[in-house]
Structure formats: C-alpha cells, structure tokens
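Pasting the structures here.
Both complexes shown next keep chain A, but they swap its partner, so chain B is in the first and chain C is in the second.
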Partner chain A sequence: MTAAHIGWSVLAALILFALMGPLFDPVGPFKQSLMKALSGADAAAPFGYDHLGRSMFSRLAHALRLSLLLAFAATATAAVIGIGLGALASWRGGWLDRGLALVADSVLALPALLMVLMMGVILPSTALAFWAGLAAVQWVEFFRLTRNAARSHLASPAVEAATLQGFGPVWIFRRILWPEIGPMLRTASAFGVGNAIAAIAALGFVSVGMRAPTPELGLMMVELLPSWREAPFALMQPVLACFALLLALNLIAGDRR
Partner chain B sequence: MNTALNTIAFRLMQAAGVALVVGVMSFLMMQAMPGDMAFRIAAARYGYDLVNADLANAVRAELGLDAGPVTQFLHWMGGLARLDLGQSLVSGQPVWDEITHQLGASLQLALAAIVLSLLIGPPLGICAGLHAGGRFDRALLVVAASFRAVPQFLLGLLLIILLAVQMRLLPAAGHGSLAHFVLPALTLALGLAAASARITRDAMAGVAASPLYAFARAKGLSDGEVLRRHGLRNIGAPVVTYLGLQFVLLVEGVVVVETIFGWPGIGHALIHAVFHRDVPMVQGTALVMGLGFVLLNAIIDLIVRRIDPRGVQS
Partner chain C sequence: MTLLVAKDISVHAGSDRLVDPVSLTLEMGKAVTVLGESGSGKSLLAQAILGTLPKGLDGSGTLTVGGDTFDPARPQGNRVLWGRRIAVLPQEPWLALDPLMRGQQQVAEVHDLVAAASEPAVRAKADLTALGLEAAGDKFPWQLSGGMAQRLAFAAARAGGAAITVADEPTKGLDADRRDDVLALLRKGLEGGGLLTITHDLTLAKGLGGEILVMQGGTVVERGPAARILTAPQHPYTRALIAADPANWPRRVPPSVQPVLVRATDVTVSRAGRTLFRPVGFSLSRGQTLGIFGPSGCGKSSLGNAILGLLPYEGTLWRDPGAPKLGFQKLWQDPPAAFPARITLGQGLDDLIALHRIDRKRVAPLLDRLKLSPSLLTRLPSGVSGGELQRIALLRALLLDPVFLFADEPTSRLDPVTQAETVRLMTEIAAERDMAIVFVSHDRALLHSVSDQMLELSAQ
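And now, the complex of A and B:
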C-alpha cells in the first residue's frame, strides 16, 4: 500500500505544480532574454533559464500541464469508449462481439507511437493527433477488461435473476459489472496515462511531436541537450520531471497481474 | 493439431485486420493532404520537372481520382490487397525496395536487443524467484520498477551522455561497426530486460513454491538438477508468451531508438516519411511493423504449444 501512497503524493505534487506554477510566474514560458541564457536561478525564474533565456520554472509548469492534460484526456476518452464497446460487445454477442474483438486485436499489433504519427498526418493539430492517436490505441485495454469481466458475469445466476425481475441493461451494468471493472480501472488508467506521457515526450524528443516554441518535456530535453555541459541542471529538470511522473504512475498502477 | 490450426487462423484474421486498419488510416492520410492528388502521384511517377496538367489528367483518368470517395477507397484497398504499395513520394522508388533495404538494419538491431535482454533479464529473474522475498529479490523489484519508469528515449539519452559524451567509450550515433551496435541495442535491451526479469521472477517464485518442486527436492535431486529438469520448462511458457507481447514495445522502441542513434532502419524511415508526408512509405512501414508483430506472435504461439502441450491456456 505504501508504494501506491508515495505514487499518489508525487503525482499530486506534480499536478499542483503544473496548476499553481503559472500563477506565481511573472515572465511566462515564451519571453526570451538572451542576456540571461543558461544562467542560474533568480527571483523571476526560480529554476534558472534555458538556452534562449526563457524561464525554466514557467516552461516546466506549462510542459507538465500540457502532458498531463493530453494524457488524462486521451485515457479518459479511451476508457469511456473501451468500456462502452466492451459492455456492448458482451451484451449483444454474435458477430458484433467477434468483429469488435478482431478490431481490438488488430489495433493491439500497432504500436501507440505509430498510431499517433499516422493521426498526425490526418489531423490538423498535433495536440489533437496525440489525443486521438493515444485514445485509438488505449481503448483496447479497457475493452478487453470489460469484455472479460462481463463474459463471466453475464452468464451468472445473479444477472439471470436481475433480468427476470425486469431490471434493464443499465442497472445490470451499474450494479453487477461496474463493481468488477472498477478496481481494475485504476491500474489500467495509470498505465494508460503513463504510456501517454512517455509517448508525448518520446515524439517530442525525436522532433515529430509538439512544435518548437511549445513547452513540452521531450522537446525541452532535446533543446537543452547541446548545452548540457554549461547547464546540466537545466537539462536535468525535464528529465527528472518526466521520470518522477512516470514512476508515480507506475507505483499507482501497482502490478498488472 | 486442431488448436494449432485455430491459432494460425486467428493470426491470419489478425493480419487481415492490421492491413485493414493501416489501409484505412493511410487512405485518410492521403485524403487529408493538401493539393491535388493526381498532380502529386504524377510527380512521383514522372519526376517533378516533367509534370504538367496533361500528365496529371492522365493519372486522374487512369486511377479514377474523379470518382467518389468510396470508389477511391476501394481502389486504394485493392492496391493494398495486391501488395502493391506504390512508390515513395519523396524518392520515387518503389516502397517495397526501400523497405527491404531498411528492414535488415532494423532486424539486426532488434535481434541484438532481444539476445542481450534475454542474457540480462531471465537469469536475474530466476535468481530472484528462487529466493522470493530475499534481499536480492527486493533489490531487483526496485531496480526493475525504476527501469520500467524510464522511457526508452530517456534511457538512450542518459546512456549517450554517460558512455558516449562523458566517458567517450562508444560512438553516440551511426551505423557500420560493431561499436555502433552497443548503445542502441543496450537501450532497447535494458527496458525489455526489466520487464522480462519481473515476469520470470513471478513465474519462478510460483514454480519454486509448488508441490512438484518440493517433491523433486525430496527425492534427492540437486538444486541445479531441479531447476534444469522441472523449473525451466515450467517457467518457459509464461515467459515466452510474455516475450511475444513485448514485441510491440520493441517495435515502438526501435522507432525511437533508431531515430536517436541515427540507425538506418525502418523506424528511422517511418519518422522521415511522416516528416515529409510520404504516405505510401508510412503505409508500407506501418504495415511491415504490424504484420511483423502478428508473424512473431504466431511463431511464439507455436513455440509455447511445444513447451507446454497441455492444451489451450489463455
């Protein structure tokens, strides 16, 4: 239990920083002052400046905001779609069930990064591409969870009794399926959010993710990499933030099996 | 035998599904691109200098680009079904030629990473699982958990800074000599090893606590013999199954790691194709990656059936 508690508190601290940071920040993430490039902390920028003299504090807070927002949005969308389709598939059965399972298995063979990259060519904005691409991959996990839980329970005497008493599918979902799916949801969502954050940073790092002035963790790392000898602390900030975020989510997720 | 056929049938369906998903996505990519498609295809075929409105119109008539989106989609999928991936919009070469050219480099890298991860992960997992709860077991849990929290690009970055830039032991990027293999393969292998160590440890701990293991010891076999004759085969099935699921991670890692280390493989090609909006190349690389995953898992299924012939386990 303690590992999960540590995870929750680290995540809460990072979310708090992402939400509150910009409120105490007079400079903003885009204001350059080349005189201060790579210099250390001062009152206006408590974490120092990057290679273009922008406040690291501000950029880090905005980068975390972006990553967390995109990742939570994508995972929440995936959860709603996945659980909905999973319940529908196991309730209706037949060709619908088989068809959806086949689509899920096909998507499973495609890496998330690939889906995001392909969405990036289709959709006009990068943020939209991340949201759609990540959701398009992640719904499979929720779909499978729901379908497996529903399969064993829809045939149970409890459901049969409820149906005979005239309860509809919504009641059965809420009262019988949801208590089964709910606890597994935490693990699946934490893994989903973690994978999403890693994917956003990875694509930013290889310069096919978010575009340049946007503060984003992977992009900040690749921008600061050339000047890491002069300012190792500046490079370490996005690296540590990314690591802490992913570690926290992994701890929250616990063990998959 | 029947179940083996079922497995192959399932994987064939999955492969068809992968091709369908990739085809639909690629068609949407093609539709989303700005400009006149007939002009672009004509430019790819005949060269940018020779293209004029007549050639574009000829292409339009030939491919039926004036037809509705449904006809166009059927045409696109028809090409895919005939395994005609078209030509790269950038180089003008057939996509197949480009991919077969790059696939070799990727396979070398992936193979090196898998071998390296198998040398690191499962042995550590077996050691930890044999003494579950011990000091080594707990240390491995922490190390594996922190390695899993480091995405592959970050691991690559740390290794470059540490081994290539600071200690100047290895080249940071490039392809050709054996030294160029070490960093990208190690980056991929460490992530895979962390996961496989964990799975091996759980499987080993389960087997070591089982009655069959206690019986083998009670009849007087030595520790090494028990492990070899009763342990390894029993942990084989879950570990190999898990390895199959890991391939998607490997493919994803290959895309990122190749780009970081400048490895001229298929992942590198994919990133470049996306950068240049070269849809036929994106479709080709995506298809090869997805189908590669399905093929490897089909092989894994058959191997697991050999290791554990006790019928279907889901």
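And now, the complex of A and C:
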C-alpha cells in the first residue's frame, strides 16, 4: 500500500461522509438548541454540539460538501480553460502564444486571495465568487504546464508524422499530448483542489469568506475558537477535517508513477 | 612491451552471463579493436576492464596492468588506473570539456592534478602544439569546431600520462570528415601506447589495424589480425558484418525512364532569417533515388521537409499535381520519436486504417514483406528495436500508397547489418512501387550505392 493509496482512501472516506452524512442526520446544520450548547455527543448529534447548540455532525458534513464542491468545481473549470488555452498557445504559437503568456503572467502577479475578494464584489453570491475567483487564479498553472509540455511534444517527429498521415489536431491531442501530460496534470489538479480548500478555509477564518450561519470549515474554526477551553473536541473537528483533506490531496499529488 | 593483460573477463547480471570469458592483450604501439553491433556486449567488456560497469552487473576474471593485478569483481580498486594508466577518450567532446575553461587550462589542470607534473602550463602548451591546436589554447570549448574540440578532449584525457587509451564508439554519429579526424587522433595515441577501441565502424577498424575481435551476443565469434579478418572472414557473422558495409554493397541498377515527380529550381530554405544552403536545382522522376549529402547543420533535413510541404522555401519547387495528397511521406532519423510514445504500434495503425478507410487485409502481407512479426504491433514503440521500428514506420507510410519518400538519415542509428537490411528493403519496395526517394545521409559510401543522382549541399 503506497502513500497515494492512503491518500485516495482518506479522500474517499471524507467524500462519503460529506455525501451520506446529511441522510442520517435528523436535525440539520441550522437547528439551534441553546440548552445543549457545547455539550457532548448524543443520539441526535453523534459529534456533539457547537456554541449555539447546533449538531457538529451535520455542520461538518455540510461544510465538507461545500468545500469539496467549490474546490473541485473551481479546479475542473481551471483545468479545462488552462489545458485548452495551453494547447492552443503551443499549437498556434506567434502572437497568440505571446499574448496568452502575458495574460497568464499578469494574473500570476496578483495574490490569489485578492482575486477571490474582487470576484466577491462583482458576483452576487459568495460561493460563486469563490468558484470564479479560484478558477481565475488556478488556470495559469494548467496553462503553463500544458504549454511547456505541449511545445516540446508538438515539435517531435511523431507529430510531424501524424500531420503527414492526415491526422487532425484532435487525434494529436488525444493520442500524443494527453497521454504525456495527463499524469502531470493529475498531480497539478490534486494540488489545485488542496489549495482551493485551504483558500476557502483561510478566508472563512479571517471572516471575509462564507457568511454565518453557512457551515464552512474556516468559519467553524473561528466560531469555536473562543470556546476552546470548554469544548476542545468541538474545535478539533473542523481542524482535523481540513487537515485530513489536505493531507489526502497532497499524498495523491505526490504519487510518483 | 605488454601494457595490459585481461584474462577470462566475463560479465554477469545475477545468474545471467552477458559476456562470455574473453582474454586480450594490449601491446605498446598495437591496436586492439572490438567489433560488433549494439547489444553484442562489446561496451560491457570495455567497462569490465575499466571497472565502470553499471550497478547490478558484476565482472570477473583477472586484469594485469604493467605488473599490477586488479580484480574486475572489485572495481573500486581500478580507480588508481583512471587517468594515470588508462585514459578514456570521451565520445561527446562537448560534454567532456568544461565550458567555462579555456583550452590550455583544461589540459594543464590534468597535468597538474592527475599527473602532478611540474610546469603544467608548459606541458599543456606542448601537447596542444603537437596536435595542431596552438590557436585553441586561449579559446573556450564553444568557440572550437567539432574536430578541434575532439582533439582538445583527447589532449586532456591523455595528459595524465596514461599509456593505454580506451575509445568506446569514438565515431558514433560523426560524418566522414570527422571520422578521419578521430582515426588520425587514435593513430597518434598509438605512437606512445596501446589502444583498445570499441566500434561498429569497419573503416575505423581497418585504419587502426592490429588485432580485431568480433563479438556477437556476448561471445567473441572470431578474432585475428585486422588484415585477415577484413579480407578473408571465416565466421558467418563476420561475413555479414563486412557485407553490410555500404562500400561493399552491390551497385544500383538505374530505373527505367519515368515521369518527373518533383522539379526544383534555385531552391533554398531560410531559418530565422538565415539562408541555410546555396540554392540547388534537381529533377526527380518516379522510381529514382536522390541522395543528399552535406555537413551537419547545412539544411539537408530542411530541404526534404520543404519538398514535403512542411517548411516554407525560396525558389521554384514543382510537385506533380496529379500525385495523391498523402503521397509524400517521410522516414525519421530517430525511429522511436516518430511514433506516439504511449500507445501501442497496432493502435496507431488501427487509427490510420480507420481514418483513411484502408483495407485492413493489406497489413498482413506488408508485415510479411518487411519481415516483421505481427506480435510486434501489440507493443509500445519503446519495446521494439530501432531496425524493426524503422520498418514499421515504412509499413505505416506504405499503407498510404506514397509516390515519394523522404528518408532523413533513416539508418544512422542502426547497426550495420540492420542498416544494410533496412536500406535493401526500402530500395526494393521503392522499385516495386515506382516510389521516388530522397535519401539524406552523412555516409557518402551509402549514398553512392543507393542513389541515382547525388546533391551536395554547401553552407551559404
């Protein structure tokens, strides 16, 4: 069993929890019962209650749902845009290539969190702002990887042969480029999802991300921080969930095969 | 005087024996040449003697250098030989030289640090003068020509005072002029010592004389004085090897007169604003072969690619408008690079067949004609030998019924026997199908025996 296997199992367990958790949860993430604030586990809330008496089990499952959904959506969007533009730039070359590289370098000069905050001003919902902002930052990584890898492969005799034999760009991409750059992009995607999750949690933690009462990992941490003495386990839960998620993604990304 | 005695040297990988026991003796002023194709174990033999076998391979036998005994099974002990008693001639001088150090310094450093000689600068200057490199003393390696760099690397390798020189494939990938340079260098090395050369180059072996060992599959199949081996070989493999030398190929029979396919007038190609070669003109008919010769970097490949329509050109280039669109095909110098690396060869052919609705039944007879096993198609390009891969590339081109084939040094990375077979198949099939070939090579003898006309490119 390799480190990557552990990573995949932890990720699968967390996704399963996020998907299935709410099905077995009778109370939901918003129902308050102040009498039970910060109390331990019972049948209705297997992970105990937070400072407002909400079920930690339910809030954790919903928070993971939100983080995973946003991070995967943002990375998938970034990958499609980045790979597409990267392949186009290396294939057409010339001013198109230079122009796209200039745009990518400019985006890279902006801090990622600033981009998300700017999107927050433009877009109506915070979730949409996260999706658009993270995708707008992450596509650069995919663009640069694809462009550099594709440039050397497109100059190879294999591509020259394919052209002489009448194959089109789609075949060249599918049969020559994709098998070469695919594994590399899988690593980049795992890092991308991890970074997105960390970014969502970080903004939640400094209270400029998701708004209360939305269950979100970073927001939950900062809400429970004042009660760390009374209910250390409640605070530990979002921290551990976030840590496990990032660890799993980094183990997957580090797979050398 | 005997410089080196190697007795029963063999190489094992675990329990597999890769090189059967070989004994050889190096005498002062005498050359020993090991001939064979790649995979014959000739480089392993040299590495076992030097003590530079890769991890996982073990040498055995006994090695005596000037009265001292060494154990090939314990190669750490051989370190004292390196530079001081055995010099290794680097295959790639550009990689062996320090790019940040001037010529004379590179040689002086070896005199100073390896031989611990007095007045290293004076000795280095004398070495350079002896090799006609006075001008290279205060130049950096990148300012030298290939031949000069090779001589400089030779001077640096020999400055440690070693009497024995080992040269592993010293002429691999060199054009004829550079090969003569190397031969002259090695002869110079012979004047004050012994020489062990590993090569598949018959011209080099002939030029060096001395003793020749012919290796095949890890075994020495024939050995003897160069004059006898090269003129009256006994073993069938040696005969095949000598017959494979382009200089010994049968003369080409000129094809019958056919319609013209490509006509070029004052054609040249520019790269990055620089004209590559003086404008050339030729007229190529179907069934004919045009050989293109010239120093490396003079634009031989670019001219071929211009004919294929892959590169822009200057001048007039007429291609028969009646020729099919996919009728202009190419063979590449590096066969593995010409195939998608991550899909099987069969998958690539299937895609081609599907794309152009080619009759699948045509593949089997072509495989047969090119002496290829159908099971090769289930492999990735990296799992197939260069010669087989080049024939599969030819098969791939033939499926498109080409009228023109641009062969860009198609055999320069192949062993001589494989080269002879590949070229013979190519020319036979071209004759059967009235296919015109433009053949690029740096081997003039090869071009002479395959072409109907020759075109020599010269730099602008």
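To be clear about the criterion, the second predicted complex is superposed on the first by the 253 of 257 C-alpha atoms of A that agree within 3 Å, B and C clash if a C-alpha of one lies under 4 Å from a C-alpha of the other, contacts with A are read in each partner's own complex, and residues count from 1 in each chain.
The rule is simple: a residue touches a chain if its C-beta (ideal position, glycine included) is under 8 Å from a C-beta of that chain, and two chains touch if they have at least 3 such contacts.
None of the values given here were measured: they were computed from a predicted structure.
After alignment on the shared chain A, the placement of chain B and chain C results in a side-by-side fit free of clashes. Look at A:R175: by the touch rule set out above, it reaches chain C but stays clear of chain B. When the two structures are aligned on the shared chain, A:A241 is found in touch with neither chain B nor chain C.
By the document's definition of touching, neither partner reaches A:L85: not chain B, not chain C.
In the superposition on chain A, contact is made by A:F167 with chain C only, not with chain B.
Of the two partner chains placed by the overlay, only chain C lies in contact with A:S156; chain B stays clear of it.
In the superposed model, A:L219 makes contact with neither chain B nor chain C.
When the two structures are aligned on the shared chain, A:V193 is found in touch with neither chain B nor chain C. Touching more residues of chain A than its counterpart among chain B and chain C is B. Working from the superposition on chain A, the chain A vertex angle toward chain B and chain C, CA centres, sits at 80° in steps of 10.
With the two structures overlaid on their shared chain A, chain B and chain C come no closer than 8 Å at the level of C-alpha atoms.
In the superposition on chain A, no chain A position is in contact with chain B in one complex as well as with chain C in the other.
Residue ranges on chain A touching chain C, taken from their complex, read 156-158, 160-167, 171, 175-176, 179-180.
Residues 10, 13-14, 17-18, 20-22, 25-26, 28-29, 32-33, 145-146, 148-154, 157-158, 161, 202, 248-249, 251-252, 255-256, 259-260, 270-271, 274-275, 277, 279, 282, 286, 289-291, 293-294, 297 of chain B touch chain A in their complex.
Here chain C touches chain A in the complex through residues 308, 310, 325-326, 328-330, 332, 334, 337-343, 347-348, 351-352, 355-356, 393, 396, 400, going by the rule given at the top. By the touch rule above, chain A contacts chain B in their complex via residues 102-103, 105-115, 117-123, 194, 198, 201-202, 205-206, 208, 218, 221, 225, 228, 239, 242-243, 246-247, 249-251, 257.
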